[in-house]
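Consider the two complexes below, in which chain A is the common component and chain B and chain C are the respective partners.
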Partner chain A sequence: MTPPQRQRRSPGQEPYAASSAAGPPSKDDGTPNPERLFVIGGEGGGERADIDLVTLIVARADPPVSATPEQAALLRLCAAPLSAAELSAYLGLPFSVVTVLLTDLLATELVQARAPVVRQKVADRNLLEAVMHGLQKL
Partner chain B sequence: MVSVDSPPGRRELPYARTLLLPAILMAAATGAAVALVTEPARLAVGLCGAVATLLVITAAAEAVRRGRALRVLRAEHARHSAYLERRAASHHEEMVRLGGEVLPNVLDFMRRGSTPHEVMRRLGEIDPSYTELGEPQRKMIRMVCDIVDHQDSMRESAERSFVDIARRVQAIVHQQNKELREMEEDHGRNPEVFDDLLRIDHGTALIGRLADSISVIGGGRPGRQWPKPVALYSVLRGAMSRILEYRRINLASIAKVNIKGTAVEQVIHAAAELLDNATRYSPPGSKVHVTATEVQSGVCIEIEDAGVSLSEESRARIEGLLEHAKRGTDVQDLAHHPRLGLSVVGRLCTQYGMDVSLRASAYGGVRAILIVPSKMMTTEPGVGLAHGIGAASIPQPGPDALPGPKRTPKKRRPTSPRIPDTVSLEDDVPEVTEWTAGGLPQRRSRVKMPLSQRLAEQAVWEREDAEREARQAAERARNGFPAEPEPEPVKDEGLPPGHFIGAFWEGLKQHTGSTQAHQQSSSNEPAHAPADDEGNLK
Partner chain C sequence: MDFKNSDTIPGPRTEDRLPHTAEAAVKIVIVGGFGVGKTTMVGSVSEIRPLTTEETMTQAGIGVDDNYGSASKTATTVAMDFGRISITDQLVLYLFGTPGQERFWFLWNGLFEGALGAVVLVDTRRLDVSFDVMGRLEERGVPFVVAVNTFPDAPRYPVAELRGALDLAEEIPILDCDVRRRASSRDVLLTLTRFLHSIAMKGPLG
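On to the complex of A and B.
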């Protein structure tokens, strides 16, 4: 009696490639730790601050003694500003768990969140023209 | 009754004497009658008298003989009934001995691992006197042994079927856990779905604990094996994740030791049952404090709740329950013990050499102390302290580790669907060569293509590349550009900030018509902007 197996919904990966390549390794790396995510993040009722994937997080203090390992690691990682998505990737935790952790840390004012600095990929043409005209007038 | 035997010997003599009196009387009566009657009747009367005397003597003799026979028979009967009474008394004694001494000894001998047949053969080894038991008793012992053996095997098979069912549930729960973890990763960016998944995850963990309990009580092992040592902190959080009210658990100052992979599950299960007890029998708002310190014999995990204080008698009762469980619990016993958890803990402690005790707590509640022996601990490095935290994610975990520019590349496969397809995270991602009708990229692995075909296609591409470059060079020459090779295609959006200004100045130097240069560059842009499509689109 084997329960029905779930097909992993992994975007950007072909079905057969996922089944052949990701099959064996996922068996042993599966869950190396006995704890479940709801113990870390808090289930359901936990409030979530308005944190985006690209919100930059920076630590304001050293991890206190009472911090959980995840919070301590998060604070160490955030010594330099990091986006919430990066934190999620480094910690190996789903984004929703990271937001709950960050909400706790924000509430205790251990970290600071700031909107991402928008960098334009291509310089504005009007700006360039204005600069050019200005330079030509020199 | 005792004197019954002697009279016949004594009565032997008075035999003639007894007969004498009726004989004399009859003779006297006959003589008197002969004397009284007239002469001619004398002869007849005398004859009749003699006959009557003889008859009386005969009758008397017969009566005496019968009396004697009766007496003998009566004595015989008394002797016989006495014998029977003795027999009955000895039977009773024998039965008492059989029930009170022989059968318990025999059953005890059988419980130590012998079949009924063996028991009957080695009856003399239990006690030499048992060999003298009669055949009926032996038969009875044999029958009792058979019945007990049958019952034992029936109970064993019932337990085994319990364990078997529990195993299946465990397997399903394990699979479910794995898949839930995957789903949590896949839907990690959708808080609503994620929270629902967590709730299902929690429910599944509770089911898993119940299955583990049944398995342990049935004599099996709890749950799965962990491949690597696990830190005690993670073990305790694993225990937390299997109880209903895990939010009330407060982990403080947990010793930094690792538990062997083979022993992780037992510790988790025992701790989970104790935590469940602590949260269940304390006020809903109160916290349960857990600490773990290293002691001489291992690690001592203390679980303190602020519940109802344990009175001396209830403590004795619970300790008795634990003792009982340590000796071994039957599945049948569980109906009488509502505290299933303590039975499980007791059982686990006996099987794996842990020790548990209950004391009154300083908070007013109960303090449960679980001692994990040092043979369950290891000095080998385990998996990270928490999920993926540790060697896997931070190069040098420590307070001074500043993760700046030297970040390790992300190993985990991206689970978010919003990463655009054009961004390749790995070098050998299969390239997009076809597009489906719906506009989605159709990818084919290169390996699927035979080598010769690949080489041929590559040759075609290279030729086309060369032709196009020649064409572009010619065009550029026509437009007045120097026929130099095309600049490197833009690889990434991360260009240096001054790049455009530099290009702009270069354009200014080469061309006087500035607007034309701009248009030229913007019309040239799409030809080489997406690096991926270069030459691969057919």
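On to the complex of A and C.
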């Protein structure tokens, strides 16, 4: 039996253009910029912090009395570091909603965000070696 | 969800909490068609019970015209399962099992752009389901390995034939796996990491 046949593609071909679709706008050129922690995003002119799924969030303070129930719940959850994806899962909220909540909490300095390590043009060998060693221990 | 009593929201179990020293996270994406075993793979290597993050998209958001208020507007919830592996006290690895349809990917900002790399999980009974995913990863310059989840009744192809059918460059690893087994899933991730390391040794990517 012969398997079906695919044709390879090359980098730089026009990626799917969905930047105007729902949710946070995606980066148009697809180039990651790890330095850029905050961007203007969202719809309706709202500012939204550039939160990755694996941005680690840590509470800097107990929930103030002025906190909304969602904010209070989030702050309790990340007493120890927790990724934004885990916050979304535990809170049962869409990731985009968590991003909005975190934008407010970052602005009021109630949480700290620890940016993820993203893929670079030149990958960090030490990082990859650490990942290999970590996986070998499993 | 009712947030009136936020004390009742179940958080991570004590043993699932990350240490305060955790300072950065990396991610690897596991991508493949429906039912190919992405979630099983995440679950077999994750130190936490797999969790789910959801995103909602509305038809109006995708369409060209915004027919807001229209009864035809439909919302689709897209779920993504993920797991976690603590690498060191400072570094955490997250694994995301992602739907193969690219129209969902933009829902999560930087899902692929920031990932170290990807695992394309394939089922030889439906090999062509993975073609588009591989093409998209190639276009975006996301390095990937191909893991063949060996279903008992699936056809077995020699690696050379599979490589030819998938039109994969010689350096891209292809390996068989049984995603139900922790060691097998771990080996897929190790193969990806070694592959990424070999790319790093060659210097800057194009």
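What to note about this one:
As a convention for this text, the second predicted complex is superposed on the first by the 70 of 138 C-alpha atoms of A that agree within 3 Å, B and C clash if a C-alpha of one lies under 4 Å from a C-alpha of the other, contacts with A are read in each partner's own complex, and residues count from 1 in each chain.
Throughout what follows, contacts are C-beta pairs under 8 Å (C-beta built on N, C-alpha and C of every residue); 3 or more make two chains touch, one makes a residue touch a chain.
Just so you know, these numbers come straight off a predicted model, no measurement behind them.
Ranking chain B and chain C by residues of chain A touched puts C first. In the superposed model, A:124 makes contact with chain C only, not with chain B.
Of the two partner chains placed by superposition, only chain B is touched by A:62; chain C is not.
In the superposed model, A:73 makes contact with both chain B and chain C.
Of the two partner chains, both chain B and chain C are touched by A:91. Residues 1-3, 5-6, 8-14, 22, 26, 30-32, 34, 53, 68-70, 73, 76-77, 80, 82, 88-96, 99, 121-123, 125, 128, 131-132 of chain A touch chain B in one complex and chain C in the other. Against chain B, in their complex, chain A makes its touches with residues 1-3, 5-6, 8-14, 17, 22, 26, 28, 30-44, 48, 53, 62, 66, 68-70, 73, 76-77, 79-80, 82, 88-97, 99, 121-123, 125, 128, 131-132. Taken together, the chain A residues at the contact with chain C in this complex read 1-16, 18-19, 21-24, 26-27, 30-32, 34, 50-56, 58, 68-70, 72-73, 76-77, 80-83, 85-86, 88-96, 99, 114-119, 121-125, 127-136, 138. Interface residues of chain C facing chain A in the complex, by the touch rule stated above, are 1, 3-7, 9-12, 17-20, 22-27, 45, 51-58, 61-62, 82, 84-88, 91-94, 96, 102-103, 106-111, 113-117, 124, 127-128, 131, 134-136, 138-142, 155, 157, 161-162, 164-169, 182-183, 186, 189-190, 193-194, 196-197, 199-201, 203-206. On chain B, the positions that touch chain A within their shared complex are 168, 171-172, 175-179, 181-191, 194-195, 198-199, 201-202, 205, 226-228, 230, 233-235, 237-238, 240-241, 246-247, 252, 264-265, 268, 383-389, 392-394, 397-399, 401-404, 407, 410, 412-417, 419, 421, 430, 443, 445, 493, 500-501, 504, 508, 514, 518.
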